[in-house]
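Have a look at the structure below before the remarks.
When the chains are written out, they are named A, B and C in that same order, and each has its own residue count from 1.
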Amino acid sequence: MRLLPRLILSIALLLWAPFVLAQSLEELVAALPEGSYDDRAAVIAQIAATGDDRALKVLEVLLAGDLEQLDSNSRIVEIYGQGRDDFARDILTGEDYGEVPSRGSSKVRVNNSLRRDIRTAIGTMTLRHPDPARRLAAAQSAFRSPDPEQAELLAEAAAAEADPEVARALAEALAVVTLAGDGAAEAKIAAISVMRDRGDTEARTVLSSALDNGDPQVAAAAEEAVRHIEQMQRLWGMAQNVWFGLSLGSVLLLAAIGLAITFGVMGVINMAHGELVMLGAYTTFAVQEAIRSSFPALFDWSLLIAAPLAFLVAGGIGVAIERGVVRFLYGRPLETLLATWGISLMLQQLVRSIFGPNNREVGNPSFMSGAFELGQMTVTWNRLWILVFALAVFAVLLFVLKKTPIGLQMRAVTQNRAMAANMGIRTGWVDAMTFGLGAGIAGLAGVALSQIDNVSPNLGQSYIVDSFMVVVFGGAGNIWGTLAGAFSLGIANKFLEPWTGAVLAKILVLVFIILFIQKRPRGLFAVRGRAVDA
Amino acid sequence: MSVQLLLDGVNRSFDGFKAINDLSLTVEKGELRAIIGPNGAGKTTMMDIITGKTRPDTGKVLWNQSVDLTRSDEAGTARLGIGRKFQKPTVFETQTVEDNIALSLKEDRSVWATLFYRRSAEDSARIAELLALVKLDHVAGWMAGDLSHGQKQWLEIGMLLAQDPELLLVDEPAAGMTDAETMRTAELLRQIAGKHTVIVVEHDMDFVRALGCRVTVLHQGHVLAEGSLDHVSANEQVIEVYLGR
Amino acid sequence: MLSLIDRRMGIFLAGLFVLTVAVPVGNLALDGQPVPSYIVALLGKYLCYALLAVALDLVWGYCGILSLGHGAFFALGGYAMGMHLMREIGPRGVYANPLLPDFMVFLNWDSLPWYWLGFDMFGFALLMALAVPGLLAFVFGWFAFRSRVTGVYLSIITQAMTYALMLAFFRNEMGFGGYNGLTDFKDVLGFSLQADTTRAGLFVLSALALAAGLLVAKAITSSKLGKVLIAIRDAESRTRFIGYRVEEYKLFVFVVSAMMAGLAGALYVPQVGIINPGEFSPANSIGIVIWVALGGRGTLVGAAMGAIIVGFAQTLFTSWFPELWLFALGGLFVFVTIFLPQGVLGLIESRLGRKPPPAPAPEEASA
């Protein structure tokens, strides 16, 4: 209870601030080195009472033992090291006085009792700081390094706090302090419940130290809270896995959905699909280069500019592939597979010759950078936007296939080519458009993948097996199947990873799909019926 | 006479569409039976079920009153003695006419037996006999893919006979044939019947008339009428189904 | 046996025989070494590729099974031989451990994993080089063929199979040397792998294996079973309705082919001196397909020729115009599929006025 008188003193001084302020901060600081320790305590209290941001700085430097008075001009300075030498800058004005000779200054002395006073004064100042962010930081720092002497200070601050977030942080800091101290069991149980609600790893660490409390009631409450937290953490861990899985699924969906059109709708195996994705990524790179050199201000718009361009580049090449090669091979799926593989080799080498074999740097626009916390999981903005983008592409594709004339013609040609031709549909044109659409979507996928993967000539190769697995697993000819396939494989992968490691998880998923295809050769959402059996 | 094939209460649906609906049918040993019905009546699905290509959802399919055909696959039913001819003639186009017949001969079908098979004089004689029967002996060395449509139909029938099946399922044999060829085919099938059981699915009424046999009318996966052609032709329901309402 | 050697097989085997005699003689016996040692190793490598191509032609050309995973069987055969060669190094490794290969010592393993036991015996390793690919093909094929996975679906899952194996072999925990694979071999059966005589011997063995592989494949395809395979390729469901269990036939030929590929891999590894997971890469397996397509599928001899032609072209291109190799290879894929469906052999034979080999019918539309 030694704390109490000092606390009363500081609060009294705070309340009396208008009167005490007769002396300016400058005068107070100048007076610091003078007099006895008790005099200094009074000056410190007055400095704290100014509520000036610079006062906080003074106290922090004093506490660190770096506050000294220069012999030359009697200024109070902060001593900071630079190499082996000491330098000084004015604690209030920040003016730099340059190097200090080794006996050119004298320390403002503090003893243990003063240090406590300073700490309390700093705590008071920061916990009552007008800026809520500063108050929050102070509360969090009190949580991390609990000091039982600050208990009442925290309680006071908590009672006066208006901002709910800061109030919670204060309550949590107070709870830690309470648990660390030797207060009443009821208070501790209340503190445990605060920690239980916080529910993260730090709270669990705090609680586990309360497990061996002498009071059985406290120990039981702590045990229950730890169990609760562990369960919550398992749930959040699962949520995090689901999120990772959705994120992987969105990448798979983007990579596979164009394939779902060419393979699923047209029955054409396009082994160059991965390379069309790669071209989309390189288009993004080229757009960003152009923006960097000519219109740096537009950088945040680079992806929006790159997306339609990537669609056109990849789509155009897709149409060229269809008209130049694939159309001679309809009805011979295995030959198509080989020819498009040949095209993929040429596209890889083309890009390697133009852009070089190394990874290219594609930047994240500001809205794609960083992350935010959702409960106990971290969500990065680029992954979130890619998920949104994948779903948007899916929705647009669905719309095109179901609601537009070209979509109707595509479905007609798929179902009965001869009949469609007889009804005046230009089947060759529809084939080229369908293939171009699938290729264009591959280009869009490339724009998204450039944000999370290395942009190199091998980019496409790393997705080709995975995206075929998605289409085959989901069931060819059904883009809803592709959606379900992509997300279920993504989530399965991420749930296996903690158990097996990333590589083994991938192997297991592949083995699963291989076995699954044996059971359901036409995938999850097979188009069944006599037409297929015949 | 004993029952060769029995279908009892067979059902099969595809995605909610009932292709076969409580179908019951009995075919006697050595009988020649024609099955007619409009498009979508379930004729092809019925053949698929008999040959083990499609499994029925419910119902019994019994062979020689003892063997459950629903447990057998295509190769299994073929080995039991059920031969099937497709609507569109399917022969092995890149092999000779003679090899097509040779592959179909009733022999041990296991991998090892096939690997070490040597053609005996007996087999050669049987091949020659079959080629003569289907009038393809003059083109025995041709690639089957070079035959005319009608010749392919005949080759397929020859392949069917080479298997020496107890039951022949013949799907629209007259499709794409000239009138003369159609009549010759009907005559051939009448010849075969008696020694083999024959089920013919056909659209062509002249051909069915030429077969001169018992007729079963299928409609929506169910037997609508059965009897002689004249008998079923007089049936009100059959007329309604064929001529429309 | 003689009945198996038709004109095209006869010409090829005669050429192979001349090569088998001339190359070792030119390398070992003649003054001035008109055939340098690196050429011997290179030719030996091509012969292994040719055997691999024959293996693929057996399943693709005759039975219509387009395997995009045959590189896996080749690599497994190679690993089996590589494991033996690793054990032969014995205490001569960097860490001088008498039992454990260097990479295991490096990973701090203290004993040999059970699946490495027995590989100190050459015979056992050779048996495994055949048995392991055969077993994988049996298990994989048993599942796939029984459930009637055909056409492009089968191609895609064979590709997934080799991809999964590649990922697995990249892992150090698998105990096959991880990313670096198996290398630094010293000798085989006591003969130094650096010696010209050993290399010439391996070359001759590869030639004999190719000849044997061709004859076995020819024997199979000329038998009634071969006709059944072609029947399956051209009209699978008709073949079923005649009473052949298609899955059994496919399984048989798939396993034989995998074992042949494994043998090719086992001969390949001592000649190139390394085996690593890159051999499992899907790109390698598709590469095999173009050898067969270029030479002429369903001809066996053509497949072997295709492998040798592409191998030579790759060697020449990568030393003269490395930039252009992928353009050339890619262009080859497109050109052959569109303009040369019969392959080079078909082209030559039709130019010479002989009857072209029967054209494989188009696959049953992806069913």
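Assume contacts are C-beta pairs under 8 Å (C-beta built on N, C-alpha and C of every residue); 3 or more make two chains touch, one makes a residue touch a chain.
Computed from a prediction, not measured in an experiment: that's the story for all the values here.
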Closest chain to global C-alpha mean, per-chain Cα centroids:
C
Does B-C or A-C have the larger number of C-beta pairs in contact?
A-C
Between chain A and chain B, what is the gap in Å from one C-alpha centre to the other?
67
Dist(centroid_CA(chain B), centroid_CA(chain C)) in Å evaluates to 44
Please tell me the distance, in whole Å, between the geometric centres of chain A and chain C computed from their C-alpha atoms.
48
Chain A: positions in contact with at least two other chains
none
If you look at chain B, which of its residues touch at least two other chains?
53
Note: in the complex, chain A contacts chain C through residues 263, 267, 269, 271, 325, 328-329, 331-339, 341-346, 348-350, 352-353, 461, 464-465, 468-469, 472, 503-504, 506-507, 510-511, 513-515, 517-519, 521
Quick check: in the complex, which residue numbers of chain C touch chain A?
66, 140, 143-144, 146-149, 151-153, 155-157, 159-161, 163-164, 167-168, 170-171, 282-283, 286, 289-290, 293, 323-327, 329-334, 336-338, 341, 362-363, 365-366
In the complex, chain B residues that touch chain C:
51, 53, 73-75, 78-79, 83-84, 86, 90-95, 99, 102-104, 109-111, 114-117, 143, 145, 159, 163
Which positions of chain C touch chain B when the two form their complex?
220, 223-225, 227-228, 230-231, 234-235, 237-238, 240-246, 248-249, 252, 358-361
